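Presented sequentially are two complexes of subunit A, the first with subunit B as partner and the second with subunit C.
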Partner chain A sequence: MNASITKPGMYRSKRAVREAAAGLAVVVPIFIYTLLFTVAPLIMLVRYSMTDYGVSATPQFTGLENFITIFRTEKYYSNFLSTFVIAVFVTGLGLVLGFLLGVLLNSMGKGKGFTRTLWYIPGLISMAIISQFINFMIAPAGALNRLLESMGSDPVLWTRSVFWMYFFIIGTVVWRGLGGTAILFIAGLNSIDPVIYEAARIDGAGRVRTLFAITLPLIRPMLGFILITGFINAMGIFEPVMLISRGGPDSATKVILYAIYDDAFANSKFGLSCALSLIVTAVTMLLSLVNIAISDKSIFKEEAAA
Partner chain B sequence: MKKILTILFCLTLMILPLGACNGFDDYWEDEEPIPVGGTNLVVWAHNPLVYNYKTILRSNPGDPASNLTKKIIDDFKEVYPDVRVDLSNHGWAQTLNTNILMAMQSTTPVDVLYGETYIQSNINKQYLAELDTDYYTQRIPATTLSYAQRDGKTYGVPVITGSFALIINKEVLKEAGILDAGYAPTAQWAAKQPLAPQYFEDLLEICEAVKSYYTDKGVNDKGGMLLTASPDDSPWRALAVMRAAGGEFLNANGDFNLASPENQKAFAMLRKLVKTSPVNSIYDLETNDQFARFNRNEAAYLIDGIDPITRSVGMPSEGKIVTAEIPVFKGMEKKSNLVVGTVYYSVAQRSEKKDIAEAFIKHLLKPEYQKEYLKTQLRIPTVTEVLESADITGAQYSYPLMQNFLKPFQDESYDFRGGIPSFDKNTANIWGKWEAFIIKVYEDTDTRTLGQLLSDYSSELNIEKDS
Partner chain C sequence: MSGAAVSGGFLQRARNNIVRAFKYRKVKMLNSFMLIVLGFASIYPLYYALLASLSTPAELSMSLLLPIPGQPFASLSNYALVFRQAGLIRSLIITMLRIACNFAVVVLVSVFGGFAFARMNFPFKRFFFLFLLSTMMVPGVAMMIPNYIWYNKFPLLGGNNLLGEGGTGLVNNLSIYFVTGWVNVYNIFLFRQAFTGFGKELIESARVDGCGFLRTMFFICIPLVKPLIIVLLINISVGIWGDYMTNIVFLRTPETSRWHTIGSKTIELANYYSDKNRVGGADYPKAYAIMMVAMLPPILLFSLLQRQFVEGLTSGAVKG
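Up next is the complex of A and B:
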């Protein structure tokens, strides 16, 4: 009798230990990884951001001087503005075009899989290769100008135009990420029960009405996710700027990550660069929190309404 | 099965771009083991060494530069049999500078590293070990060696070097009527010596004539002088003209003084020369774009090092390209030039094998290799004994196109100094501002006078230099 009482308890205890061990086996590596590759660098970043670390190999403590320099230097504000402009356009265009592409691909019959793969391929190509291709197109004697000349038009100085440099940077990033965004939207669209569409059709709702009254509200969580991740990624744009515009013309497209790179590896100001990195981390976190708060609110509202 | 195939297809697509980013050369290098009880000498290798010589020799066993590297390494291993020489390449110019900074701030093992213009900055940062000054001063001309010295101590050894010359496209001059069908100057232009103009003023007249010829025909993508605003190239080309006018980037105090009368003369000449350029060519960002224009017969003249020739036509030959000494300004008969493209080899301060590392650098200076650098790669040797050797001017090494690159090293009448200045900090800001400035000089749309423009930019550059 006693045994029958204690056995399940023992069993539960053993199972609890096993589950705890399994849980730890999953958590500990992630914890160590986060500690080593996120927390430790962040601590180092904070430490070096308060030093004059550049020409001399030994960092000298300077307190908040680097932060004061950054806040007093106009060019960093302009770098943040460039980053923000690119991020807004990349996220906005990516969202709209990705959604339209997702709807289009989802409504396709034959060849759906192949077309989806085709759209996803740019995302697999290295940004360095894409940028080199763009450079080949926009050089003063490049392919685009040759094409214009062959049509009797004057060549355009793409690399000296602020508008065109923004256009090519934003265009490249949006085009490269379009397939991925569309696939996320397709997943969202497929999660909507077809019965709802059927009911809407019976109620006499047209395509536009269905889009705004059913599709968009029901994929709002997916929209929120794409918006948040897209904006965070867009804030970290670096390669196309470095490889296509090099921050030009006249630093007009110099994003904040490029400024960090320049200060660290070309201007030999590691301390200042760390301080700038810390500010960018804080700004990105803040923007993410705002985004999450907004989308959470909408999602909860949606759930409450349901 | 379908899924597996899709995954494999995607993986292949992901790997291909990686391959294009030149990771494969290293991957396929033979992994030579470190001798038992021996040591691994980590050598950052650039010209004249070919870092991936094994791979190249596998596909092209006759490649001269790779065979030379193999011989250099094999010979070194005969003297140091317990050393494995581990070669790797880390780029050039700004990329190299970044890689050196990153390597020195980490624990990456480095014994021998190479450098260029920024070697002075790396001395300041205490990245480089002091070398055997006596040994090198006895063997290498002071002009090239001094660039890697500080307070009488040597921190880098120039293994190969270069200079600038006027590179001339005969086809363009012929088409514009400056040369006749046999590539000899026409009677009208004979006195200006279009194949070897003595004065910048004459060069300008020829360039203007070439530009007029094409403009009259409605062709705007061809012209006389090829210039660029690219921060990688424009300071070098400008310096060649500044030196010819008696100017320099920095004054005796180490400050920018672009508004000096000599520099004003040079920039005024550059502004006139650029008006003869093919339209929009100053905005070429890549050096290769400019060389491609030259090779497409879009310009008659280019002031540069040996690269446009080697990249355009390979080894010098009697073809459409000839070279001449850089002209002087009328009234200033002193010839000038600049040291360019020098590859300095140094020993890393934190190397634990400094003796072997320096032995390797000394090994690279052997006269037999130095002659081969010229013969196989058109790189100018740095060892005095070789530069003065009859072999260099003799029949064996007599490449007509090379003589004008070699002359400044051999001719004592030259005012021959180093290259563009290097800075300890704010390098990106300084050359970024330079690019904006030189575009204003070339575009000639700024309302300020040239003197005022030069003065304003000197002040801006000095603030960056000192902040």
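Up next is the complex of A and C:
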């Protein structure tokens, strides 16, 4: 480890002083920018969550009233529930399918690079455009209904069905993220020493046994990381809901972020929106802390040792 | 891989092994085949949109799985038409500007910041490090409304005074495209890790040869982390190209929404062309032409830089 202990009196030589000055010249602007663009909004979040900002021209302090309103309003429970349902399915399916895809891609011989690229492409298309595409497909006279009619079935009003709306929102997000998750897993799989596999094979472990007894335990930290970051990201799903279901039918797929957006811009209740955002922020920060606790702490250890 | 006999010289076991190896190869081929077929299925929107954009509205409305354009070259005019109107070019220009500006700043911030944390001693280093690390926990998505409130009150911008009063700050102000997203802590740590891995000798020797700080940065450090810079280029381009939220949340007046970047402009135009109440009725082929414009450039960029991208990902990101 390089000795970078900041003891008093260590900046004695001219060179060390110059280095300290250069380091501060780099880091202080970054620090100030972060104060302006990350910390200041956090202060706004806490401050305005306790006001009726938006309803009255000059925001009045209302204490915990916004939070009480949220806990007394049934629709917010359903918003949180649909967020949770979507996040659970998106994360779970994404993890399982992404892992499977990673394992399969990794065991490919020829054409591995090409196939990997193929699977990565949907992740390069913006969520909004993919959602718009799905939107066109499921229009009343869209391609999907034409296909159904050609097979002799009746057309379906997809946007009127709770199941299909969940299906298309979850499906779109999972499918778009699959390649990226697979690539993460490939990197994790390749970091496992092949000697371990060799040893397992000599000991007579089959392919399934190897998967459960060796591969999965060894990439467990990675699994945890992907699971939690995936869940946090899934709680922020917005475009598919806005563009495919518009929260419908009857607000069944209205996720919390869409409710936040709606309350602020359609109902101009910024204070209430902030209170909702604060709840979401608290939940995700809690998850992040769990993530740090279970992930390997090399980044902290390194810094502590430095 | 599993073809070699494990041990023993028994005929039976050898035969079993051969059979297994044969089966395994079959499984492997089936696996590859399936992955490629499903992979092509997963980019279905891409060729559906391509074929649809080259069809006539009538062909498209009769098509089933894929539209078959009768005269694809005649329908290329769809692209010419969508480019000629409705500010697509304007949107392209501002998107490119935004990408270029953001990329330049983020590279500088990440390289310099990463280097400072990896290789320099300065006061309060640990404090700054932990501070930046903790800001990574703030969820970007939940900050939409607080960001809006704060940007509205942003001091000294958009007609605001020092206290953030008088104007609209960064809201409904195009400079929001250029002043946000400069510091990405994750990227700083990525570069920090890369510089930690390179060892001190190279930089030390440059210094002995009389290289100053800035020259060391530009001629030694930046070339060293080129693969990571490619990763940044792709991530930033793809991200800004597809950005939808910034546009619809922060630029809400007609004067500013004219300047929306591609991610939102293409949605708006696709809606416009697919609207059946529009003069002349819905024109889906043009809507799909717009979607092709939205989808293709990030894919082209990625295919061009794919090799370096994978190299960059495996060199830095994975070690953490």
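Operating definition for what follows: the second predicted complex is superposed on the first by the 253 of 306 C-alpha atoms of A that agree within 3 Å, B and C clash if a C-alpha of one lies under 4 Å from a C-alpha of the other, contacts with A are read in each partner's own complex, and residues count from 1 in each chain.
Quick note on the criterion: a contact is a pair of C-beta atoms (placed from the backbone, for glycine too) under 8 Å apart; a residue touches a chain by one contact, two chains touch by 3 or more.
Remember, it's a predicted structure, so these values are computed and weren't measured experimentally.
By the touch criterion stated above, A:128 is placed in contact with subunit B and with subunit C alike.
Look at A:50: by the touch rule set out above, it reaches neither subunit B nor subunit C. Within the superposed three-chain arrangement, the count of touched residues of subunit A is higher for C, of the candidates subunit B and subunit C.
Contacts of A:141 after superposition: both subunit B and subunit C are touched. Of the two partner chains, subunit B is the only one that A:250 touches; subunit C does not reach it. Legend: residue contacts after superposition of the two complexes on their common chain; A:159 is shown touching subunit B, with no touch to subunit C.
Residue contacts after overlaying the shared chain place A:226 against neither subunit B nor subunit C. When both complexes are overlaid on chain A, the residue A:24 reaches subunit C alone and has no touch with subunit B.
Of the two partner chains placed by superposition, subunit B and subunit C are both touched by A:270. By the touch criterion defined above, A:182 lies against neither subunit B nor subunit C after alignment on the C-alpha atoms of chain A. Put simply, subunit A uses residues 117, 121, 124-126, 128-129, 141, 264-265, 270 to touch subunit B in one complex and subunit C in the other. Listed in rising order, the residues of subunit A touching subunit B in the complex are 54-57, 117, 121, 124-126, 128-129, 135, 139-141, 145, 155, 157, 159-160, 246-248, 250-251, 262-270. The touching residues of subunit B, when paired with subunit A in their complex, are 6, 10, 13-14, 17-18, 20-21, 94, 97-98, 101-102, 104-105, 121, 124-127, 221, 279-281, 283-286, 289, 292-293, 424-429, 432, 435-436.
By the touch criterion stated above, subunit C contacts subunit A in their complex at residues 2, 6, 28, 31-32, 34-36, 39-40, 42-43, 45-46, 48-49, 61-65, 109, 112-113, 115-117, 119-126, 128-133, 135-150, 153, 180, 182-183, 185, 188-189, 196, 200, 213, 238, 241-245, 249, 252, 263-264, 266-267, 270-271, 274, 284, 287-288, 291, 294-295, 298-299, 302-303, 306, 310, 313-314, 317-318, 320.
Residues of subunit A that touch subunit C in their complex: 2, 4, 6, 10-11, 16, 18-24, 26-27, 30-31, 33-34, 37-42, 44-45, 48, 53, 101, 104-105, 107-111, 113-115, 117-122, 124-130, 132-133, 136, 141, 143, 146-147, 150, 175, 178-179, 183, 187-188, 190-191, 201-202, 232-233, 235-236, 238-239, 243, 257, 260-261, 264-265, 270, 273-274, 277, 280-281, 284-285, 288-289, 298-299, 302-303.
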